[in-house]
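Labels run A, B, C and D following the written order; every chain starts at residue 1.
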Amino acid sequence: MEIGIVGGTGYTGVELLRLLATHEDAEVVLITSRAECGRRVDDLFPNLRGLYDLAFSEPDVVSLAACDIVFFATPHNVAMNLVPQLLDAGARVVDLSADYRIRDAQLWSQWYGETHSSPELLSEAVYGLPELNREKIATARLVACPGCYPTSVQLGFMPLLARGLVDAQHLVASSASGVTGAGRQAKIDNLLSEASDSFKAYGVNGHRHLPEIEQVLSDVATQPVRLTFVPHLLPLVRGIHSTLIAQLHDGAEDLQALYEQWYTAEPFVDVLPAGVFPQTRTVKGANRCQISVTTPQERDTVVVMVTIDNLVKGASGQAVQNMNIMLGLNEQAGLRQVGLLP
Amino acid sequence: MEIGIVGGTGYTGVELLRLLATHEDAEVVLITSRAECGRRVDDLFPNLRGLYDLAFSEPDVVSLAACDIVFFATPHNVAMNLVPQLLDAGARVVDLSADYRIRDAQLWSQWYGETHSSPELLSEAVYGLPELNREKIATARLVACPGCYPTSVQLGFMPLLARGLVDAQHLVASSASGVTGAGRQAKIDNLLSEASDSFKAYGVNGHRHLPEIEQVLSDVATQPVRLTFVPHLLPLVRGIHSTLIAQLHDGAEDLQALYEQWYTAEPFVDVLPAGVFPQTRTVKGANRCQISVTTPQERDTVVVMVTIDNLVKGASGQAVQNMNIMLGLNEQAGLRQVGLLP
Amino acid sequence: MEIGIVGGTGYTGVELLRLLATHEDAEVVLITSRAECGRRVDDLFPNLRGLYDLAFSEPDVVSLAACDIVFFATPHNVAMNLVPQLLDAGARVVDLSADYRIRDAQLWSQWYGETHSSPELLSEAVYGLPELNREKIATARLVACPGCYPTSVQLGFMPLLARGLVDAQHLVASSASGVTGAGRQAKIDNLLSEASDSFKAYGVNGHRHLPEIEQVLSDVATQPVRLTFVPHLLPLVRGIHSTLIAQLHDGAEDLQALYEQWYTAEPFVDVLPAGVFPQTRTVKGANRCQISVTTPQERDTVVVMVTIDNLVKGASGQAVQNMNIMLGLNEQAGLRQVGLLP
Amino acid sequence: MEIGIVGGTGYTGVELLRLLATHEDAEVVLITSRAECGRRVDDLFPNLRGLYDLAFSEPDVVSLAACDIVFFATPHNVAMNLVPQLLDAGARVVDLSADYRIRDAQLWSQWYGETHSSPELLSEAVYGLPELNREKIATARLVACPGCYPTSVQLGFMPLLARGLVDAQHLVASSASGVTGAGRQAKIDNLLSEASDSFKAYGVNGHRHLPEIEQVLSDVATQPVRLTFVPHLLPLVRGIHSTLIAQLHDGAEDLQALYEQWYTAEPFVDVLPAGVFPQTRTVKGANRCQISVTTPQERDTVVVMVTIDNLVKGASGQAVQNMNIMLGLNEQAGLRQVGLLP
């Protein structure tokens, strides 16, 4: 299979290259960047030396459409302008940006600050969370790969909400992410001298991932949900940890058994044994979500802890997983990296 | 004033020495350690070279009782055995350990795993949170210095609970602490190679600070409160960040104004302007608590963010603040360090 | 091929498991630990969940000898007592510890503080640096896998010394290592709260890797060499960076060309283009050594910079590389991990 | 005393404010920034809340000249344009930038890429290393505060070179700095996601601090010296560690005694006991230089290790020390911060 990547100079781009370098059935043949056009990929990312004989090129519809899958590893507001032409030319697209995640074009505009340029595709785009939408993904032309925080929060709350076990009006997600979540962009706030050796909440009054999370969780719950979502910035490179809290309607259910059964067939969701809590380092570099569920002090409140690597199961790994499903390949191809512990 | 320190080889010990080195009216004349007896203080802690001509000595009741204030910077289960003799000998004590924080001896035993050896002092001991108990502290013989997490959670919830504005049965605290909270003890879990570059929750099913927090917040609320307390381990040395979440009975109150007024006279509590969120680095090394309050999306849930340096306002700085109050000194003496940013 | 590991609870043990999980021709069938006997491997190392259905067992000569290769991932002073029996029973051994690295038993005792218990094997043991000894390794019964610092210093100085281009009496190596180099042992000095956010030299007056480095470099130079070796502790988990400095006899040689040619056929040594310097993060998790050579200000002094991951090319990756050579397998089997950047 | 600061939005600016907040005889009355004009200082740097009622203003010669001392905390190429007017107006200046550090205007241009705009002041400017030039500093109008690396390398080599004990043609400095050395500027290379969890050399072929170091060391040695200077980037915020290596002419001298005597009267240089090596964390936040000297293996090579906080003794602390000397104040005023350990 031949793969094209639009916008390969960011962290999701280099991570796609890292994962696909070990994929038995897919090869990256094209990677675009206007800013770095002509530069060798392994000059920008020396970890790839010896693996790719490839340079960044200008984006070009014809060449991209000739690929079996095109990934968009761009900031938001890019894919929505180029995807319509690519689909018309017969391409299938996995968009890692936010452009097609929210079904309501007006809601999207409200959070992303621009008018959506291809709203007609919003109803066709499949939300690329395989644990929710595997069958639709298989036949999709356009997959909107979930955000990193949303992946962790949705996988953590899904069993509780699908079963109607908690107060869906007062969900809490206290999440923390490594700084690669902010992308590879020169910003003073993300300098090592600013973000290292510190911890803070941000976006508390409204983070762009909030409407995306609520949309999907409302679908799962078959009722509108309300989430208080507090993201925090961790002084580390990779990893998301979400601590989810909800009030139980009835504490009698065996939640450990529920979670184990719910995810028993999922290759990339690992429910930990009772009493073992996840750490971000255990999934570093791996396309894996680890989950624990517990009811502290046997009171009426459930706590779910979820970890992913924001660049893998939270972005590029999930994108490859979607690609594998779309192309009928082994869902684990290219995704057998083991978490880098220690 | 002459100061003695029992158990000076841990992090709260060296931090007391750092702070008191700049105190205009107090001098450390005695510091004990059985394990390091005879070793110079500045040999163990080279940052103190030139500041102290002092070696660790064996603990001795007579010498300690001659001090104006004795600090216990020991693990729990030490102070409760020695404090009765010191009080009898006329000493005044600030205990940084957990031994006298919980009024109910049985509850204490349940969480700390031993029978309390001086339960008769539990009712006399004053909980050393100056923002709550300044007057009682002034005349106390025995002050139980609050835990690090409790300081942050109590200062953050206090105005809301005192005013009865939130559902006291469903409080949430998602807190995160640097590893010095675990003390200076050789444990594999706290090696740099284990705790660095990672993030995890721990103690979710019952952390020892839970009963301490609930005791004080119940006093403030004049009703029993219930807290879901999820502590997390940060890959950094110093700092606590607590994200507090509660359901508002009525969203009409101006919470920013409430917090600013509540703490207006407090020298070490700094309510940040609306929309500014605290970071742990801003208070690093300083005896300062910074607080933000907000109501995301103008819904029915309030979020309070609190930062302290766990070794300063969360331990040794607060202990010096208590000492200053007990001795009638300027409350800010020895506590003028500016947060080390960057 | 069936693989046994003696002493699998340390960092080189878990790293062998991580690498061998992706090896197409080898399977770990046995892993020993007295302390953790009976405990599942993936309970101690949750990144391995789903990859190994294996528990730690007591070491047993018969079972170990039945393996095609036995790795020793133990502290020094363990292998030297067990290896003789294993060799007698027909096993082939790759020892990751220091027990067989130094040919002179007396010199070994001087640096490691004990009498060597199987000195008769010292002359047979092959020093497992494939770039130096590939042919001998192929037929060896016993391979002594090099230390982490020595690997970086030897690969960096080898071309210069083999060609006699520098003053071999005044070599300098200023090296820096992540804390996993110190192993998975509970020591106060290696706590995150002690080693994080700091940098220091250590072992300056005599580090155990000094005689090992000088032995091999003397062989290469065919004359005794003298090295001033200053190791430093980095506040990070993985990675070694060695800055090597030597006085050139004659500056006319094209050193860039020399290094590129020297290592042109080596799959795991990557000489960077002129002017590009290596970073530890680029080789993180990968069995790769990246090298730069330069002559600052065109004076008479050469600077060579070398990076490896101390747990991979500096330990377990190199051990697997040795195994592949010994068993006639593809030298890159199990070693195709890409550096985890960012 | 009234103090003005030109260019207060960088790290040396906020550090001057932190130190001067505790100075008993000096007050910052003026701080300029074109970019942040009108913004409160404590809005940009919340660690200063409650300490300064000050906003950034446009630079203005008249107001600045009315100050007793004006600090330049600007990038290079700024001071050289404004200082002449300030000196004419009667001001005394401490320049933290590189503009007046190198006596030879042509050499300066070669390294800093521009023609010097006030070369007539280069011979008047006093190099502000108090341990070398205290008397000249006392009466100077213009002090050029040393660079951070140079401070550490010069203090470390000074006794050896002044006494002619080493080969001055083959000095080596392998130095490492925290990222604040690169300033508060938005650059991708200094993002936490790029610089964290990694280590690398940079500027090996020519760092701007090289000519500054060689100029001063040549003065000290009374002969031209040649230094191989290899700076490295540490994944931490503050701290410089320099490992200095030189070949001894004669190993008989008691170097420990030499260093202790050389610096015995210096308040901010601390020669550590034999066998104790410095760490950057021990001097974090303090105006202190800690030095160790040793001769490994009793061979012919000496190793000197030096630590400073690059923002304090390497910049703003040294600037305040210079100011104190110029104004006849206690040299330690404002500089009594204790190293923040842990």
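Rule of thumb we're sticking to: a residue touches a chain if its C-beta (ideal position, glycine included) is under 8 Å from a C-beta of that chain, and two chains touch if they have at least 3 such contacts.
Here the structure is a predicted model, which is why all the values come from computation and not from measurement.
Looking at B-C and C-D side by side, the one with more C-beta contacts is C-D.
Placing every chain at the mean of its C-alpha atoms, the farthest one from subunit A is found to be D. Chain centres here are Cα means. That of subunit B falls 45 Å from that of subunit C.
Taking each chain's centre as the average of its CA atoms, subunit A and subunit C sit 36 Å apart. Rounded to whole angstrom, the centroid-to-centroid distance between subunit C and subunit D, based on C-alpha atoms, equals 39 Å.
Multi-chain contact residues of subunit C (touching two or more other chains): 11, 180, 184, 193-194, 197, 235-237, 278-279, 281-282, 284, 342.
Interchain contacts join each chain to each other chain, per the touch definition above. The touching residues of subunit A, when paired with subunit B in their complex, are 170, 172, 174, 176, 193-194, 197-202, 204-206, 210, 226, 228-230, 232, 234-237, 239, 241, 243, 245, 247, 275, 277-282, 284, 294, 296-297, 299, 301, 303, 305, 307, 342. Looking at the complex, you find that subunit C touches subunit A at residues 11, 14, 18, 21-22, 45-51, 180, 184, 197, 237-238, 270, 272, 276, 278-279, 281-286, 290, 311, 336-342.
Those residues of subunit B that touch subunit C in the complex are listed here as 11, 178-180, 182, 184-188, 190-197, 235-237.
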